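Paired with subunit B in one complex and with subunit C in the other, subunit A is shared by the two complexes that follow.
Take a look at the complex of A and B:
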């Protein structure tokens, strides 16, 4: 029964959602809407599980003095600090997003700069990696290099200043060969997703139960 | 010989320093370059422009700080455009960490057009489970958003009184740094016929071109270039246009390094072979 009940739930809900796509009338439409609301609620609870797991693993790292445990300490402090700011704002302000609130202070002066810094570093690493790796060693690499150069210049204003040919060519690359390759990949992904979904609904794929 | 070896092996720190300078100088000195307008962005502009006054435009804030430099200018520009046309704005977000950007954007733009909260615009906030939401909002928004982000029941908000599902939304502006854009198109666009324009990061935009060609979206604002184009069209230049000058020089520098690296590599290799 440990496996049969989850398999039955998966089969029935999967079937309702698929059938409702084609027949959205009563009572299927209402049933689908109810299932979607449940999904949203369950997903909310998974966030709590995520928090529990995050806190537990990092507290263990601190307790065991594992390598890099000070980072775990910073994480715990950051987590609790943000939580405290959130609760304080919730209790004292109109909403969590009220500008000037404690939570928005943490968001504006900690979260935004930290996230932006992490992502900004990519520009430097990409520049260095492109310089070292982009070598025209083979015909394919040369084609890739030329295409990348045209798109890089064609998608910025200075490209049009150099020659109108650059933005026109960049648009053609994006709209014809790029899209042809992407379509092929997407059709393959969609077919794979349908096959996998059917396997899950029919109970042939059971790895999610383990 | 030695000079080519040096060209083929430039120290990373020199690359970092030069990149920092070419990004910083245009931003500090506020340099401007003329912006070329592309068809997908023109069509996105037209999608908002051609709506009758008082139409309801839903904004979905699906990005966070890592993509904000690219997408926040799009939000500000499209919000400005919508408010200037006296459209009603319903904002929500599928990224919990991105929603404050929506609130920051609304607080920056709405007062410039004397737009009033609850009458001209509303912020619904964030709810988990975006795929389920995108399907469920097609039947009833209140099933997922019983209140706005302040906790006010939707039925007490004047703007929301006649808005129940996608039939009451004239256009969706999806601002995307991830998968949610495609989901909007597949679940809300394909299933309910919702009109959609997408603003996406430069990385995500290529994934949207085929939806544009198949007319499943009405317009596409791709990357910072797209944001700069939109700012140019509404005649309100912001960080999109400023950022494109920095990006132009950064791309030129990068190409310069790639060419130099290749020249150095091939000269050294040929000399070694001979």
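Take a look at the complex of A and C:
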């Protein structure tokens, strides 16, 4: 029963979503919307599991004095500090995202700079990866090199200064060959997702229960 | 005053992350761990405030009759998810996982058909009156052939797959260029912050 009931729940909910897609009338009409709301609520609870896991693993690092444990302490202080700022804002402000609130202060002066800088670092690492990948040894690598160079130059003012051909070519690459290949990939991914979803609903794919 | 302190904190954290360009160091590790902790708490509060509170708590208070009591079902599934904390009843969390997987699988079928598959096919079925339209159709079909693994790529399929590879490489190159430009844009944003807002070297 520990496996049959979850399989039945998956089958019934999956089937309801599919049936309501084809028969959007009452009483089925509102079922899809209702299930989507339930989905969001249950996912909200999983965030608590994530919080527990994050705190537990880092507290263990501190307790065992594992290498780099002071950084685990930094993580926990950052976590609890943000949580405290959020709860305070929740209790005292109109909205969690009220301008000037302590929660937005954390967002503006901690999360935005950390996130933007972390992603901007990738510019350097992508450049070094490109140096290795783009050596024009084969036809494929040469195509990769040329299209990347044209798109990069075509998207900045200096590209148009060099030649109007660059921005025009960049637009053409994005609209025709790039779009064609992406369409092929999207169609393949969609077909794969549909096949996998059917396997899950029919109970042929059960790895999520292990 | 708080704004000035915030700007100094943001500048310090920005420089700490940039220090990784030299090599891995304690300043970077400090900023990295802080980022994980702060972001996790932000995400949890965001979901609780914008999903769980309005969809469950507020609705339970405002609704009447059956609409009110039916909200106990997702609440029960949510609590079952937390059963993982109690080893004796941790199997109950499978019910909640099954619910989310079932909904996601159902949406996987309807959403992909409605949102991806049909629009992409519709966009590909264009009149073959221009070179670009011909290239579009040939590109989509050859890309699909490249990812078709149910038969060996021999004969006509081999040429189709080879052509598909050409389109895919052009797409990857374009995506790469696009990603680089987005990252460079972020880098310019951070340097702009340091020069204009923190150091105020340029007015």
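One rule holds for everything that comes next: the second predicted complex is superposed on the first by the 205 of 210 C-alpha atoms of A that agree within 3 Å, B and C clash if a C-alpha of one lies under 4 Å from a C-alpha of the other, contacts with A are read in each partner's own complex, and residues count from 1 in each chain.
We take it that a contact is a pair of C-beta atoms (placed from the backbone, for glycine too) under 8 Å apart; a residue touches a chain by one contact, two chains touch by 3 or more.
For clarity, every value in this text was computed on a predicted model and none was experimentally measured.
A.B. asks: Looking at the overlay, what does A:145 touch: subunit B (first), subunit C (second), both, or neither?
C.D. replies: A:145: touches subunit B and subunit C.
A.B. asks: Looking at the overlay, what does A:128 touch: subunit B (first), subunit C (second), both, or neither?
C.D. replies: First partner only, subunit B.
A.B. asks: By the touch definition at the top of the document, which applies to A:179: first (subunit B), second (subunit C), both, or neither?
C.D. replies: In the superposition, A:179 touches subunit B and subunit C alike.
A.B. asks: Using the touch definition from the top, say if A:207 reaches subunit B (first), subunit C (second), both or neither.
C.D. replies: Touch partners of A:207: none, neither subunit B nor subunit C.
A.B. asks: Quick one: classify A:50 as touching subunit B (first), subunit C (second), both or neither.
C.D. replies: Touch partner of A:50: subunit C, not subunit B.
A.B. asks: Looking only at contacts as defined up top, I'd like to know whether subunit B or subunit C touches more of subunit A.
C.D. replies: Larger number of subunit A residues touched: C.
A.B. asks: Contacts for A:107 in the overlay, against subunit B (first) and subunit C (second): which applies, first, second, both or neither?
C.D. replies: In the superposition, A:107 contacts both subunit B and subunit C.
A.B. asks: Should A:10 be classified as contacting the first partner (subunit B), the second (subunit C), both, or neither?
C.D. replies: The second partner, subunit C, only.
A.B. asks: I'd like to know which partner A:26 touches here: subunit B for first, subunit C for second, both or neither.
C.D. replies: Touch partners of A:26: none, neither subunit B nor subunit C.
A.B. asks: Please identify the positions on subunit A that touch both subunit B and subunit C, taking each partner from its own complex.
C.D. replies: In subunit A, positions 21, 36-37, 39-40, 42-44, 46-47, 96, 107-108, 111-116, 118-119, 123-124, 127, 130, 145, 149, 152, 155-156, 174-175, 178-179, 182-183, 186 sit in both the subunit B and subunit C interfaces.
A.B. asks: Under the definition above, what is the set of subunit C residues touching subunit A in their complex?
C.D. replies: It comes out as residues 2, 6-7, 9-11, 13-14, 17-18, 20-21, 29-52, 55-56, 70, 73-75, 77-79, 81-82, 84-85, 91, 94-110, 112-114, 116-117, 120-121, 123-124, 132, 135-144, 146-147, 164-181, 183-184, 186-187, 189-190, 193.
A.B. asks: Note which residues of subunit A are touching subunit B in the complex, please.
C.D. replies: Interface residues on the subunit A side: 21, 29, 32-33, 36-37, 39-40, 42-44, 46-47, 94-97, 99, 104, 107-108, 111-116, 118-119, 123-124, 127-128, 130-132, 134-136, 145, 149, 152-153, 155-161, 167, 171, 174-175, 178-179, 182-183, 186.
A.B. asks: Taking the complex as given, what residues does subunit B use to touch subunit A?
C.D. replies: Touching subunit A from subunit B are residues 10, 12, 15-16, 19-20, 23, 33-36, 38, 64-69, 97, 99-100, 103-104, 107, 123, 125, 127-129, 131-133, 135-136, 139-140, 143-144, 149-151, 191, 202, 206-207, 209-210, 213, 223, 225, 228, 244-245, 247-255, 257-258, 260-262, 265-266.
A.B. asks: Can you list the residues on subunit A that touch subunit C in the complex?
C.D. replies: Touching subunit C: residues 2-3, 5-7, 9-18, 21, 34-52, 54, 68, 71-72, 74-83, 86-87, 90, 96, 103, 105-124, 126-127, 130, 139-141, 143-152, 155-156, 170, 172-191, 193-194, 196-198, 200-201, 208-209 of subunit A.
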